[in-house]
Amino acid sequence: MFEAIAFYLFAIVTVAMFLIVVFSKNALYAMSALAGGMIFIAAFFFMLDADFMGVVQIIVYGGAVMALYAFGMMFFDTTRDVKENIKDKRIIYTLGTLSFILIVVIMSAPFISDHIKALYPSLPGVGNPQMVGYVLFTKYLVPFEVAAVMLLVAMIAGIILVSKKMDQSITTMPEVDKKIEAEEFDIKDAK
Amino acid sequence: MLEPISVSIASLNLATLAPMLILISGGLIILCIDLIAKNLSKQLYVVLSILFLLLDLGAVLGYQGAVRGFFDVMLVDGISILSQAIILFASMLFIPLALTSKRFHEYTFPEYFALFLFMISGFQFMVSSDNLILIFIGLELGSLALYTLIAMHNRDRSFEAAIKYFTMGAMAAGFFVMGALILYALTGTVEIAKMIPVLEARNYDPIVAVLAAVSFLIAALGFKLSQVPFHTWTPDVYEGSSAALAGYMSVVPKIAGFVVAIRIFEFLIHANIVWVQYVLYTIVVITMTLSNIMALVQQDVKRMLAYSSISHAGFVMAAIVIGTTQANSALFLYWVLFLFTNLGAFAMLWVSRHKSKIWHDRFDHPYTKFSGMISIMPFGAVVMGLFMMSLAGVPPFSLFWGKLYLMGAAVNAGFIWLAIIMAINSAISIYYYLKLVVYMFLHDPIENEGTIYVKNASTALKTIIGFSTVVTIFAFLLINPLLEIITAYVKASGF
Amino acid sequence: MEKYVYLTLFAPLAGSLFAAMFGMSKKNLITGIVTSALLFVSLFSSLMLLGYVDEEHIVKVNLFDWISAGNFDVSFGFIADQVSVIMMVTVTTVSALVHVYSIGYMDHDEGFNRFFSYLSAFVFSMLVLVMSDNFLGLFIGWEGVGLCSWLLIGFWYYKKDLPREIYPAISPSWAANEAFIMNRIADLGMLIGLFLIYWNVGSLNYDVVFKNIPNVDISIVVLIGIFLFIGAMGKSAQFPLHTWLADAMEGPTPVSALIHAATMVTAGVYLVVRANEVFSLIPNVGMFIASLGAFVAVFAATMALVNNDLKKIIAYSTLSQLGYMFVAAGLGAYWVALFHLMTHAFFKSLLFLGAGNVMHAMNDELNIKKMGGLYSKMKWTAILMIIASLALAGIYPFAGFFSKDKILEVAFSEHAYILWFMLWIGAGLTAFYSFRLIMLVFFGEERYKRFGFHPHEAYAFMLWAMAPLGVLAVISGFFEHSFKEYVTAILPDYEAHIEPHIVGYVLIALTLTMALSGILFAVYKYSRGGFSKKWEETWIYKLLFNQYYIPQLYEKFITKPYAELSKIAWKDIDLKIVDSTVDFIATTLYDAGDKSRVIQSGNLSKMLRWMAIGLIVLLIAAII
Amino acid sequence: MDSILTLLIFFPFIAGMFGFMIDQKSIRAYGISVAFIEFALSLVLWFGFDSQNPGFQFIEQFPLIPQYGISYFLGVDGISLFLVILSTFMTLIALIGLTIEKDVKNLIISILFLEMTMVGVFVSLDVIIFYVFWELSLVPMLYIIGAWGAKLRIYAAIKFFLYTFAGSLIMLVGILYMAYLYYQATGVWSFAIPDWQLLVVPFHIQLWLFAAFFIGFAIKVPMFPFHTWLPYAHGQAPTIGSVILAAVLLKMGTYGFVRFSLPMFPDASIYFITPIAVIAIIMVIYTAMIAYAQEDMKQVIAYSSISHMGIIIIGTFAMNAEGITGSIFLMLSHGIVSGALFMLVGNIYDRRHTKLMSEFGGLAKVMPKYATIFGIMLMASVGLPLTIGFVGEFLSLIGFYKVSPTMTFLAGTGIILGAVYMLSLYKKSFFGELTNEKNKNLKDLNKMELASLIPLVLLVAYLGIYPKPVLNPIDNSVKNMIELMEKKSITKEAKELIKKANSIEEAK
Amino acid sequence: MITLTHYMVLSGILFSIGMLGVIRRKNLLMLFFSTEIMLNAVNLGFVAVSKYIGDLSGQMFAFFIIAVAASEVAVGLGLLVLWYKRKQTIDLDSLQSMKG
């Protein structure tokens, strides 16, 4: 009973939050709503006994990602209302409605059956984080490491893309070419 | 309570990881070198990258023994080895293209090379696993690095390209995970091999969910493989990125995608889920045809090649529809041949690249640029013409054999109409390839300075083009050994 | 004896090649002399053969294989039997004399050498035609004479198209093409005939064909007969393929004499005679041939009545005489046909050569209305022409009397009274127009003076060349009996049986009377200045003068529509439909490409939307 | 001797490669020498050829892609022998008659490449190798038409390329399916023509395969309504391009019918006789009419080519030795004659830079030699007996007569209509008054032009009078093929038709 | 009783909201928000399935999806900053220089 109430409550709130994200004109509202929605999703995680995931969701999403977005937002100065020139509204909403109906219909299919057997069952008496750790460092060690590399890549990418070096293109700077040519010339002369 | 973990190192089959580890460490080493000494020449990084790739290739080709490793996450079977080999070959051909005689922005970053190596490792992970999680991570690793590489070309258009690619990629990632979610909900596992018995046991019920999962995955992979209507990014991204990178993109991420597609779709097709076959059939036909007719109207060679590579991807996708061993072998054969020819063609564009746009206010390589090339630079024109002819499937150049074998596979599996559609599409496609040939050979030259076409050339680039040319011409000698190897590997991995 | 066969055949060829060597250089008398000499060699050899060939001695030679494929096997084989020897002699005689004559006639022509080359080549082809021992060899000659005729009619190719009285425009080259094409039409029929023979008999050799033809289904034989005759119709200019002959008069006159009077045009008759084994099996077809012949005999004669062109009158007369020959051949009197063929060759070529002399004298003027009274200037020519005309009219004792009268007898004895009647009328008409011509040219008022001509007699050697023909025109009729004996060795014997005998004599008398009255009428009328102008206003005159409007009809209903249709086929069908369809496919594809660029709008939002659409479509497909 | 076919194929190619080293001035001599050596080689082939042996000779075979049954497999029989010689001969002649100055080096090298592909097509016994050369022949031709052609050259070149390429791709599907059938039947992959010829294909499949091959060949021939590329290609191509296109490239299509369609799909071939004959008749009559309507000399000859190809098709589908032998002979004769005619048009074009008949008239007066040779070729073209044109035309028609008299009659009208357009061409250009001032001082043919034309004239006469040395080997191979067809045909109608077509009706 | 279906449907609803956002939004930053919604929706699904079948792979998948999402944000924002520096806008309609 409690579960049901909690589910519906959170569900409604989450949907509402995300709808705000999608429809709000103000970026700040949207971001706040997004953060809120994510927190509620974390709540679902807790409800589903996935404590570790809930924590990660709050920390990574609610914390790290949102912080990044917030910084980005300051950069873009989007405190004002966003002007969006949305054409073809009919198409968009038709598509939205269609996809909504379709996905919901599909998702209501009976998934569970007897044939499914858990490969990595959560053992009784073992806490969720423990269990997660167990699986993560055995079975999913490789993806975990790859994810680490991916984060590294993302970091490098972020650094490079926003670095000063990208502000001007060396490709199109004739003076750099000239400089290099001159240097080469000097070297030749020296020889 | 949990048991203490005790795993024997031997059972992990660390060798399955070795190739990727080599590249990751390679990338890290490059980063470290950069930290220690700044302003080293790009030649160093290029050569280092090639060395790492060579090591990697050695590791891949030398791989023998158990197929799975690391708690069965890794799956190094025949198609994985084949595709890794193709990826590495293509990369080794690509990276020397950095050795241009002109200076380009992206090559001043050592990080470029590090990212490049990371990206390759990502694709390698993608192809050597049947675990959807690892596939997803590998895919994202590769893609994120690729977005950055595109943007590093540092032009407005390359940013635009990167953003477009990125945004659509994000949506595709959403599709991918949604598909994975449904499959997981249906089967309780994220490993393709383990899904099969569960689905079979349920007799693929509820079929709607299975098909929905497939739909999401088709959409996601269709994006990667630039299948219509998920292809829209391709021309723009190719146009925005440097010719070299565009050529690379037309080969490497796609072969990785194909391998994943084989793994996912093939078992469904073999399980007689005709829906998958029909849908893919439709997509293949639309992809080939639509991209072909859109390529007809292009004004820019690079953009034309982008559409052409969509069409080729559609062509090869047909192999998955057919689903026989011969077809899958044909897929790899085709892609090997496509690799050399297409890279060669893009390299030719790259060689003739100017820093600024002098031919057209939007395009770097409009058709008119190549007017009368035969009289200014006969050798270059012949080579370029050769690549075009090969892409069009004019025998005896390389891609003809790919087409021949693939169409043969279609015919042998009873897909006569598919073969005919493929034939008709080849016929349509010849027009736009021919257009370039016509410009080069039949129009009068605009300028008389031969060097305009080799502004960017260097020995390395010329070598690569020469190599591609040789392979393109003498492909008929390669076909048999290649086929033997490919068929053996494909058969061994059960497709 | 084989060497004579070769000699007869190849002497003209050698002459032709010899003359051809000088073909592009200036006039060289030697070409004329050498070719003429070689023709005399040919004549001599054929005369030798004439003496040699009899029932036991038929000369056959086989040069080498020509075409062999599958079961088909034809070689260059030549035969000298009674029929072909007669033809050979006729041909070589006339052509040798015409060659000599031409040396004079073509004296001032810059194409002198070329002319002799063509002329000898023609003789060669004609000899191939008559000497071949198989149908395909005959066809070689058949086409060969067609080619030479084309070359010779168009000999003065550089003349431009000139509007004449009747045609919109005509020129030697035009006439040459017309002749060639008309003949081609008939040749197709002939080819079909050959195909039929081959596929039913398995060979084209006369021996085999004639031996086996009685075993062939009669309906097939009828077809064979019809198609062979179609071939004959073209060469012999029978209705409706007759128009080319009159136009062929654009060529030099010796050519008209040789080709369009004596030899080539009779090839059709020769074919029917040669294939008598075929035609005698199918009397119905024979009857048709005879009827057509009789029709043409009168039809052509009527056109000759009013024509003012010197050569065309003779040409129509030739046409008419060919009709006579076909009557004989069609009714089964093959030897009679052949006999008339021979005698006709002599007097008709004589007539033409005479006309040539007149033309020379008149600076190539052809309108007989502009002549008159030439007798005083060109006596010998006139005498020779009168002899020839008498022979043509069939007056005893000239050659024409014997042969033509025989034909009338044949018609009567076959109870083809209508044919007889037509021929009888024809005889009268022939006599009339012949002497109309003589009168208008040689007698009466000297109208030429009005037009400023200064006529003169031809070279003596030209007259000497004509003389033998004149002699033959007079005497050849008397050989009737020996001729008959000679050729009926292989041709079916035919003897007109007219009972009682008296009827036969009456018929002869009737015919003679008809001819004489025709002559007399002409002499009477034209010695008094001819018909009045009013006559020229009548519709019948116009009809005849305009050749029954047949050339106009051809022009209007065949030539022009064909040209129009061709234009339509090209401009409307080929370019606008067939080619445009191809281009349409291409442009449709191209336009489709252009239209589908909408997908590639470059707007990220739309691109994302496409992805969503793709997914939704897939999902819908999945649910369905 | 054993490797003479390989030599024949690749000698011009290698020589062409070396040609890059030779300067512009001497390249023509080089080209002629190479073509001459190649021609001599092909003559050696002829002398070494055993004309009594109807099968394939000079066989060379080694596996290329054994996985898929593709091998490098060459050989000639009577059917292909003379087409090879025709290719080498016409290349030589065309090179001798070459008058182009611009970029002549590229041109000659392209011609040599083209020669390789032409020879390759005719001597390949492996279908894939055949296909390779078949397609490859388009490339040099594209270049020749497009680079040295007239105003619309690019359009013409592209049209030519696209059209033929599209057709042959459909054929490729057919080839692959045939290979699959062979594999199913025998368990072995093979693309060898002799192997395929032995395979009996079920009737309904034959129909489809025949159709697939038909499209490829029909476009090449070109058959109505796929012919529209040809007038453009000919009209725009330089002389040498037209010569080779008409003389050899078109023959590839008809050769394909003889080599593939008939022996591999005898039942389907017979089933389709009527429609194909109808198309052929349309080709004969319709294009002859169009030829008559043309204003440009070259277009007349281009359309006349189509018309003549119609007769070749008719002969090919006669299903008897007479017709097929005749059609192959007609291929040769048409090659020589139309090649010569195109060269002749080229000669006048070099002088006047126009091909419009209205610009001429009375040329016979100023250029008698030219007019003579043109006349001879014209007569050969309209099929006058004792010229080369007659033999093939006659045999083709006589062969088909057995199949259908009516249709033969209709096709036979070609000899009339042929005369119509050719004579009208001749009259318009050579006869009449010399009115155009520009024509008054035209030079007659020079030595080089005569050197290229006289051999053709001699051939026209020689083979017209004594075709036996050529007919004989062809006939042997054709008979052999017909026997094979009869043996392997499966439907009753086909068996009967072949039997009937090849027998003289017994006289009762 | 809340079943798996409830969660799946919720996940589906959220996913389609995300998708609607993606195709609707013209502001790139807010478009990125929407992609986050899509990924979050899937996360929810994974965790729910994981719970109902008692298998941890789902949670793992969700975990990695979060990692991926974080990386994507870094790269995406990097690109966005770069674009903003050049064009002073992050409106999607400014990205239209390539088409056809």
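Chains: A, B, C, D and E, in written order; residue numbering restarts at 1 for each.
Rule of thumb we're sticking to: a residue touches a chain if its C-beta (ideal position, glycine included) is under 8 Å from a C-beta of that chain, and two chains touch if they have at least 3 such contacts.
In this text, all values refer to a predicted model and were calculated from it rather than measured experimentally.
Counting steps between touching chains, the shortest path from chain A to chain D takes 2. Annotation of chain C and chain E: jointly contacted by A, B, touch as defined at the top. Note on connectivity: the fewest steps through touching chains from chain B to chain D is 1. Seen from the Cα centre of chain E, the chain whose own Cα centre is farthest off is C.
Of all the chains, the one whose CA centre sits at the greatest distance from that of chain B is C. Ranked by C-beta contact pairs, the top pair of chains is A-E. Of all chains shown, D has the CA centroid lying nearest to the centroid of every protein CA atom. Inter-chain centre distance (chain B to chain E, centres taken as mean C-alpha positions): 26 Å. Mean C-alpha positions place chain A and chain E at a centre distance of 6 Å.
For the pair chain B and chain C, the distance between C-alpha centroids works out to 78 Å. Here the spacing of chain D and chain E, counted between their Cα centres, is 65 Å. Shown for chain A are the residues that touch two or more other chains, namely 92, 95, 99, 103, 105-107, 110-112, 116, 118-119, 131, 139-140, 143, 147, 150, 153-154, 157, 160-161, 166.
Touching of two or more other chains is recorded for residues 586, 597, 600, 602, 604, 608-609, 612-613, 615, 619, 622-623 of chain C. Among the residues of chain E, those in touch with two or more other chains are 4, 8, 11, 15, 18-19, 22-23, 25-26, 32, 45, 49, 53, 55, 57, 60, 64, 67-68, 71-72, 75, 78-80, 82, 93, 95, 97-100. Of all possible chain pairings, those that touch are A-B, A-C, A-E, B-C, B-D, B-E, C-D, C-E. Contact residues of chain B toward chain C in the complex are 163-164, 167-168, 171-172, 175, 208, 211-212, 214-216, 218-219, 222-223, 228-230, 232-233, 235-236, 275, 279, 290, 293-297, 428, 431. Those residues of chain B whose C-beta lies close enough to touch chain D in the complex are 374-375, 378, 389, 392-396, 400-401, 404-405, 407-408, 410-412, 416, 419-420, 423-424, 426-427, 430-431, 434, 437-438, 441-443, 476, 479-480, 483-484, 487. Against chain B, the residues of chain A that register as touching in their complex are 105-107, 109-113, 115-119, 123, 125-126, 130-131, 134, 137-143, 146-147, 149-150, 152-154, 156-157, 160-161, 165-166, 169-172, 176-177, 180. Chain contact summary for the complex, chain B toward chain A: residues 1-2, 5, 7, 17, 24, 31, 70-71, 73-74, 102-105, 108-109, 111, 114-115, 118-119, 121-122, 125, 131, 133-134, 137-138, 140-141, 144-145, 147-148, 151-155, 182, 185-189, 194, 198, 201-202, 206, 208-209, 212, 355-356. Interface of chain B with chain E (complex): residues 132-133, 136-137, 140, 144, 147-148, 151, 156-157, 159-164, 166-167, 170-171, 173-174, 177-178, 180-181, 184-185, 188-190, 235-236, 239-240, 297-298, 303, 362.
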